[in-house]
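This is the structure I want to talk about, given as structure tokens.
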Amino acid sequence: MKVGLFYTCLVNIFDPHLIGKAKNILEFFGFEVVIPKSQTCCAQPNFNSGDFDNSKELCKLFINNFYELDYIVVPSGSCAGMILKNYPELIMNFPDEIKEKYKSLKQNIFEFSDFMYKKIGPENFSQFSLEKELTYHDSCSGLRQLKIKNQPREILKKIKGVRITEMSEPEECCGFGGSFSIKYGGISSEIAEKKCSDIISTDVKNVCLGDLGCALNIKGKLDWMKHDIEVSHLIDVLHDSMFKKENAI
Amino acid sequence: MIPCLKKKMLFNPSNFKKNYNKNINNPGLKKSLFRSRKIVDSRKIAIKSVSDFELLRNYSSEIKNNSISNLYELLINWEKNAKKNGTIVHWAENYEDVNKIIYKIAKKNKVKNVIKSKSMLTEESGLNNYLKKKKIKVTETDLGEYIIQNSNEPPSHIIAPAIHKSKEEVSELFSRIHKQKITNNIEELTQQARENIRPHFFNADMGITGANFLISDSGSTVIVTNEGNGRMTNTLPKVHVAVTSIEKCISNFEELSLMLRVLTRSATSQNISNYISITTGKKKQKELDGPKEFHVILMDVGRTKILESDTWEILKCIRCGACMNHCPVYHTIGGHPYGWVYPGPMGAILNSSLLGNKIAGDLPYASTLCNQCGVVCPVKIPLPELMVKLRNKKFKSMNIFKFEKIILTFWSFISKNPSIFNFFVSITRKILKLQANKKNYTPSIFGLKFGWFIKRFLPKPK
Amino acid sequence: MSARSNILKKLKNIKLSHGKKDFKIDVKKIVPNFKNSETFFRAKSIENNCIVETAKNIDEINEKILNFIQANNYSSDLFVWPSIKTLNFSPKFKINSKKYNNEKVGVTSCFCGIAETGSLMFVSSEATPMSQSLLPESHIAIVRRGDIVRTMEDGFNKYFVEKSIDRLDRQICFISGPSRTADIELTMVIGVHGPKRLLTLIVDDL
């Protein structure tokens, strides 16, 4: 089965290692991973800022890059959400050919943890081990647009040695909001402080999540608050459990 | 012309940034906003007392979808029935007319003292100041409205207008205006308010209320309250005026019963509000109670324009306040920075829709689009979607030399050209790595601590 | 052109069809499935900070009212709704049914009780002046057991048995407890402008 990986612009800039890690994980489970070289951005920054016209062209690029694959995996709830929820309106006036491509693509696109859960299954992770106590932050788009809640938790719980301590409000927004974090940085930073205080009071040393935007925000704030807490994408944690030999129990 | 908005006034949506910066650094407000979070938990309990709250939301949403689509028929029918029962119906297309109509009624009835039960629409029209200039005394009787009237502030929340005030601040205010024993005890403060407001109920010549719903089949107006001042206002004075807007009309009492279930749970976490008053007409013959004249002012200031637009869904709003109760932005900055009558997510949308892009176009951007509001909205308004639509309107009207527009145009340009995009990515990574210190984070870019860097660092690219 | 014609013209010309055509409400799917209306009514009323008592006959009504007055150090002055003034109230009470004279206690009948929310439904008229359920410091409401219905919809249906929808009484009011507010620091306080206490007497018959 050919799985296309849409790694997202933030991963490209801030953590391209996640690309290789995601590839390793998917290949381990027998998927052939295709990483289209001409991928760039899903159009979310433009769309959310109200720039619909420029967003439309970017939709076309994404659709053409990925429509022929069996599955498309996106390590970001907000990007997957953008493609699934907002593309239909943006491509409304496009030629039928593009709309048909999107229609077939739409059924096969998954946020990363959702793909792991539905196409691989939590049981397949019980063979791995990793000593890690973590708390999980629910990214807003993943949670409210795509209903990502149990999927990452069920998988993590299966890994021997992983313990999840829930923060008091895991579903509260971390304050990132894309360009909001720059345009209204003062407000964004204050919201981030509340999220980080919640994380800090769990006493765990690692927060795991599914969106790099949230990760940059939370890590950046924790660093400023002088708290040494690791912030990992789910891909990092799964990869560590699967490929770091020292973790084998 | 918006009577209550003047450019120089600090309380104005175009002063959003200045106002929120002031509020972020206000520790007292922080405490008040933190305290108000308890409503999030109490709502979770309240919604459990119906068997299927999600189904209830679907019903309420459909009732509103239907009513909004049929306002012509509903209002014609409502007016016919209202008049049958002796209601005097007025229609107004702008704020000046709303105020003038009320003044005309007051003048005809030689009104000197007015009592008011909460009405957001009269906040929109700036009625209190208008009547003050005409030498008519207006007393707000809702406890929260009474507090902010006397402290000369605008409301900061649509259900609890004084939510930003601590009991100490209320105590200080009451000790000044009541000249009674100073107390920090909330029950004693409430008792003081009861004693001091009570004479006004009896002295008033006219009572002004809002209306939560209009019932088309019977020509009734409905108010949903807890304190009792609403009932005093619609019963004791010889003249009662209810000010409402056209989108409040629903069909019948079956719909009302349903809407009430979702409204009270979403607004105050109650299974039912303490008092639901359904008024149809003036005092009947031989009745001792009730006003001899009952007027309803139906206003359409900007509503039909919104109805025709792609943000029509904001007209479904039943003013419960759940969206702002769940909004991380509202909980950080409070209500005042939104600069007009309505704060929070529904405020960002409604203020921007009614006041226009130039004055309030920034408000829809003040959101992370987390949708914590949308999932609790009792009538399922897709609030973040509407915000993005309004952002589109603002974006289109922006000057091409505006920094934001330039950056976004640049971003979309490079995103359409993958090789240029990848080149840009590698340059950015290099710059950020250079700017980062030994601790794996960047404290600023070229020394500039803009936006992102306000009390926050940026992780170094890996 | 008047504001009215302008507004109606605009509304008439806007063709909207946002609602579903075959939309039906099934209230049974929403309202909790309680068996006994009276028990549920009682529980909800108490949750709403009402005091709930039962009385078999006028003697017991008198007894409950006397207990209430004594417990609150009230005088024996009662304002009683004209609708129930002919009941055999105890001679210990000084009954006034004409014009309200600042009595601390108002005694009223009510149209019906609503079990789902523990509310009382009132209808205004010459014999049932609504302000007398609002002005006194305490309100005693007498509701017949047989008049407790399940939901607000049932309450309206009962009302419309005899009333025509376009000729309602001036006010229909649902009262669910003593007056309250949470406007200061979102802390609930019982007793604001309306009554501070509500005693509901469920009686077999009047």
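Order of writing sets the chain letters: A, B and C. Residues in each chain are counted from 1.
Just so it is clear, contacts are C-beta pairs under 8 Å (C-beta built on N, C-alpha and C of every residue); 3 or more make two chains touch, one makes a residue touch a chain.
For clarity, every value in this text was computed on a predicted model and none was experimentally measured.
The greatest number of inter-chain C-beta pairs in contact is found between B-C.
Farthest chain from chain C, judged by C-alpha centroids: A. Taking each chain's centre as the average of its CA atoms, chain A and chain B sit 35 Å apart.
Chain C has its Cα centroid 29 Å from the Cα centroid of chain B.
The centroid of the Cα atoms in chain A and the matching centroid in chain C are 54 Å apart. In chain A, no position touches at least two other chains.
Residues 9, 12-17, 37-41, 43, 45-52, 54-55, 57-58, 61, 140, 144-145, 171-173, 175-178, 180-194, 215-217, 219-221, 223-224, 231 of chain A touch chain B in their complex. Note for the complex: chain C touches chain B at residues 2-4, 6-8, 10-12, 14, 16-20, 23, 25, 27, 29-33, 44, 47-48, 99, 116-119, 124-126, 129-131, 134, 151-153, 156, 165-187, 189, 191-195.
For chain B in complex with chain A, the residues that touch the partner chain are 20-21, 24, 328-329, 332-333, 365-372, 374-375, 388, 390-396, 404-405, 408-409, 411-412, 414-416, 418, 421-422, 425, 428-429, 432, 439-441, 450-459, 461-462. For chain B in complex with chain C, the residues that touch the partner chain are 32, 35-36, 38-39, 49-52, 55-56, 59, 62-63, 65-72, 75-76, 81, 84-85, 91-93, 97, 141-144, 147, 160-163, 165-167, 170, 186-187, 189-191, 193-194, 197-198, 201, 217-220, 226-229, 231-232, 234-236, 246, 252-255, 257-258, 260-261, 268, 271-284, 286-290, 298, 300, 304, 307-308, 312.
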